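Listed next: structures, encoded as structure tokens.
Across the two complexes that follow, chain A remains constant while its partner is chain B and subsequently chain C.
== the complex of A and B ==
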């Protein structure tokens, strides 16, 4: 029976309507203070977080559309935090200076609303709506300040990718509906085997949905757009894509795998192919990059390869599904926080090195020791060095995959991880080697006022602490997801 | 207390990194103070003779415990690491620049080492294992010869690849143990009570992974390829830590985690292990004779001596294991002494290539005497530490396998050859015209560093019983796992 709990809709409604209100405030006569708008937007996000926190802990569904269960509860909190962090980073960001107005803030709110819907969807259409809402908002955010070099290019690439993936996914949804007669995730397995259902259609549809998701997650071989988009967008937006957009998509994928675990073995081959290609190609391509943002983009391809590794063993009769999904969710969480640190640091240094070329960061870690430590922790975590979150993510995923007998895949993944260390260490070596040129006084972030540095500093310190704590207190974190 | 000795250097490292941005000399003094204090605490604990332990749940879902236990062997190796860190600092006092960065890295490495020797949980062990590795990479890459970046990267890639495969093996061990007993845990204390039974493909894979991970660090014979270059290019102070202290971690890991956890498959491998150790020893010694520079000789001599420890390990017999513990300490001290000499020559702008040195004894008799002492110790002069270790090892190894024991014994002869050769080329003979005349002999700082080593070598050499008692309990405990019948069929030739 569809239950009509209203708790799950409060937060999306708050942020959605809040986004519209923020737009209204912007066109209000006499009110032209952008700071006020950003402030209101933050309040809206905080209210959304409050609504999530105050909702009862039992899983509650709304009209078989979205459902708030303990896992995506924490997902929603993460997205809210990510949205707040994006606002904090974007406010006074050098590349976006003077351009963060009511429209940008409302876009962030809409994108967060989309991630709420996407991650909590129990209905394929809800997922599609959420995905498109996020994608459209993010596309506009990428093109923000269009005269910036590469902004339009990145936005167009993202738009094409999002459209293609959206249409493939929609086609997959249609096929699944045609094959099973239902759009409700929990009803699809039950319907199969009955009259007028066609399991093959459902499996083909599922594979197409998976390809659509793979486009959005930028898993190889559907990853080509990511590096250009990361490079072309401003760092706060990149941070949002990496830490919020992708994780929402991942949560939906995990939800899908959980609900349709019986059909999952049919698409194992597809996933295994994606895993191998992603971890190998992502890491090898990252080795060749000389731009930090592009490097992190390819590293992201590899990281989602590791995440998918956990999904290669999902099947209807295995009892380890919950553990596999938990490991993947943990990995996603750790990926979100460590990328937030990296892109916040890139954003903070964008005044000194707007292009994010690796060479431009020479000696930055010595010049700003705290910033250097934060980046070092994030990069070591990306490389999977203990005791950070990234290490435990890999440990859990590898353990679960090995437990399901995926020895070959795990060995490929660990060899790829070893080669990834090469470029992660390059980042650190550049950051901590002798500076080649002096930083102009105007760009020196140590000399700038509080307002410029405070937001990013807050984000960096909180998320660096999170990288360490999620790792050290992994036992506690696992009980939440 | 355990947490204190492990994290004190790490916390100090953070404080020094953030507090001494432009003040290298202050950072240097503070680092020395911290390391001395740490070593003294560890030494006090070692003298106390108690086994410290601490156990708490860490990640319940995966059976990971925060389990620390520092016994005699671990303490001895920790004290050695601390002492070598002091020596490394003293001989690098003037040569190393940017102490505000080097000091914290050194402290972090030390923290990782002490933690590693205390870890009683496989994942915790792995955490410390990597913790000591990362700062080591930076020390290798950013200090040392101008082209040391390449050798450091090679070192890092090789060790991390091996470590990750070792992690896979550890996870497989966790699963295999879980399947066998129903208890899924990474806790060493629990794992060793029910060792893995059977010589199956899975246990062979696990053993291979562990051998790879630990063997690279030692470095065991076919996995040693990174070592000569890294030892030669890195700054000698760093190499003292790498070859003297970190290499021990590899042997320690093999000792702790292979035989006790999977006795059957390790016993089946033991003859091969002895062969690898013996061949590695021989090969290292032969290579050492061929080298044309001081650091090359020391590098290969170190590889040769660490492989004797592997020979002892796989002999898995009381005498040999005691000898191995002594050998680890003795090798750490003597190789540190040799690299310290190399460092002092580097301070005097001599890189130790034979073509550029010769007849240095005439100009620096004190340094020459110390050098002679370390060479003699390395060669295995009775009364010095290495002799005690090697004698026990060879006695034990020959009782297991006459062939491989004898091969090990031959290398002592070879070590005399390269020892005499390197000393003659560098110190004796006609004065090389390219040697500038204004070489100064040891100053008091350098004397202090070398004296520490010399006294330690003498003490261990003259009173090996003292050390054996310290390490006896843990080795006896490890031996208890060994059911002699396991060796019955394998060692029929004895």
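== the complex of A and C ==
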């Protein structure tokens, strides 16, 4: 009889049912103002965060489907915060103006529900459902306001990639089930070695699941969709993909590596290949981008290469597994907050520079000093300059990988990280150089009302503070994860 | 029942679906290819469930059909939107977004 605690289902149930309720409220006949809907959606998310906070601290599982342990708890809080930030950013976003209605809010809620399921899955079926729930909601959110240039194209590119990667992952899950006779992650290693089991099938299945995850994380060579999707979708949605969707996938991958550490050495080769390709190709391709969103997309490829570096040394008998996974989770957390800042800044400036071409940002850091400082902190953190979160993320991952004897990989990754400094500094040079043209009055953020700027400003200041705090208190944060 | 034989057939379905996605340029055919891939996985799941004498495989296949249906609903909607706004139904004509590299000397 599996242990049944109801704590882990409260938050997903709240956000899932809340999403449906928000849809219902939207069709209420006398409702004229969509602001109320966004307000209700935020309340639902806050209630979800409360449910996570109030749940008891020890790990609790629900029907061997999902389990809420200390790592997931913080993951869930991060996803809730990410969902709230997306709502705040989208509310008065230039590209989505007038289009954020009850459907958009409920899609955000459904996507957050999916990330809850995915990151806490102890059952491969739960992981699959969570992944698809997130991917389907995000798919629809990318196409929001279809008249925008590239919106539909980005949505179709994401849809094809996500469904194909979903199918590959699905086939992998089925092969793992066929080989081991169980969908429960914790039962698979124990089942192996039995009479009717087949270890080869499980390993092939695990490799296919890994390929599916790599598609979703956009690790090279499965990264081709990422830059187009980032460029084509509106900034709040991009922020959601980068800071919430990918991190949920990463947490599931870490969970997988933890549970199946005995089988992990069989797929080390695949992961090492992905790490080398990602850090080298991601950074090289980012060097020559002229669009800020595309540049951040390729830098994201490189960042997930660094994260996977921690997974190249997982094996059944090593004692360092917990440290490696902790370092990777810390990197994921810091990546989420730094990207939230950058995309919030891009979104706030989208009235002035809708295409996000780097040239259009010339002098923006001088015109809006606070935005400039926030972006500078985020970009320096992405580049890995101390004392920001990004520096400690790289430090932990590289040290742990070195402890496990991955000297060659760490050298490649460090050289790639050094070369990444060129394009990160290019962003800062453009932001703080002398402005070349005047901003038209209607696009000037400083002249717009508080309602327009308040949400993004809140998100930007909170996440910038988080980048610094997570970096300065790295030791404390690491013990929490 | 020979599990590996059924798995081989389902892998064949999966590979055919993947080939359709990679070769065809019409968006609707790509979506069909995705369905064929999913069906390959469904067949394998049912076979594995029979092999282990448990309902897990069939539950898994039910969820797969559900997800495949919802995927299709959204992707068909996107195909319709693409025809309405872009007048395009081939994926090789969707090329608004691509890597446009800097010209030399314009780096800063």
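In this section, the second predicted complex is superposed on the first by the 480 of 481 C-alpha atoms of A that agree within 3 Å, B and C clash if a C-alpha of one lies under 4 Å from a C-alpha of the other, contacts with A are read in each partner's own complex, and residues count from 1 in each chain.
Operating definition for what follows: contacts are C-beta pairs under 8 Å (C-beta built on N, C-alpha and C of every residue); 3 or more make two chains touch, one makes a residue touch a chain.
Bear in mind that the values here come from a model prediction, so they are computed numbers and not experimental data.
Asker: Output check: A:103 vs chain B and chain C. Expected answer is one of first, second, both, neither. What do you get?
Answerer: Neither chain B nor chain C is touched by A:103.
Asker: Regarding the shared-chain residue A:232, is it in contact with chain B (first), chain C (second), both, or neither?
Answerer: second
Asker: Please determine whether it is chain B or chain C that touches the greater number of chain A residues.
Answerer: Between chain B and chain C, C touches the greater number of residues in chain A.
Asker: Identify the partner contact of A:129: answer first if only chain B is touched, second if only chain C is, both if each is, neither if none is.
Answerer: second
Asker: If you stack the two complexes on chain A, which partner ends up touching A:259: first (chain B), second (chain C), both, or neither?
Answerer: After superposition on chain A, A:259 lies in contact with neither partner.
Asker: Which partner does A:143 reach: the first (chain B), the second (chain C), both, or neither?
Answerer: In the superposed model, A:143 contacts chain C only, not chain B.
Asker: Answer with first, second, both or neither: which of chain B and chain C does A:461 touch in the superposed model?
Answerer: Neither partner.
Asker: Scan A:429 for contacts with chain B and chain C and give back first, second, both or neither.
Answerer: In the superposition, A:429 touches chain B and chain C alike.
Asker: Touch check for A:164: first (chain B), second (chain C), both, or neither?
Answerer: Touch partner of A:164: chain C, not chain B.
Asker: A:355 in the overlay: touching chain B, chain C, both, or neither? Say first, second, both or neither.
Answerer: In the superposition, A:355 contacts neither chain B nor chain C.
Asker: Could you give the residue numbers on chain A that contact chain B in one complex and chain C in the other?
Answerer: 429, 433
Asker: Quick one: in the complex, what on chain C touches chain A?
Answerer: Touching chain A: residues 3, 7, 11, 14, 17-18, 21, 27, 30, 34, 37-38, 40-41, 44-45, 47-48, 51-52, 54, 56-57, 59-60, 63-64, 67, 70-71, 74-75, 78-79, 81-82, 84-86, 91, 94-102, 106-108 of chain C.
Asker: In the complex, go through chain A and note every residue touching chain B.
Answerer: Residue list for chain A touching chain B: 323, 326, 366, 369-370, 373, 380, 385-387, 391-392, 395-396, 398-399, 402-403, 407, 410-411, 414-415, 417-419, 421-422, 425, 428-429, 432-433, 474-475, 478-479.
Asker: In the complex, go through chain A and note every residue touching chain C.
Answerer: Result: residues 125, 128-129, 132, 136, 139-140, 143, 146-147, 149-150, 152-157, 159-160, 163-164, 166-168, 170-171, 173-175, 177-178, 181-183, 196, 201, 227-228, 231-232, 285, 288-291, 294, 426, 429-430, 433 of chain A touch chain C.
Asker: Could you list, by residue number, the parts of chain B that touch chain A in their complex?
Answerer: Of all residues in chain B, those touching chain A are 17-18, 21, 57-62, 64, 101, 123, 126-127, 130-131, 134, 137-138, 141-142, 149, 153, 156-157, 160-161, 163-165, 167-168, 171-172, 174-175, 205.
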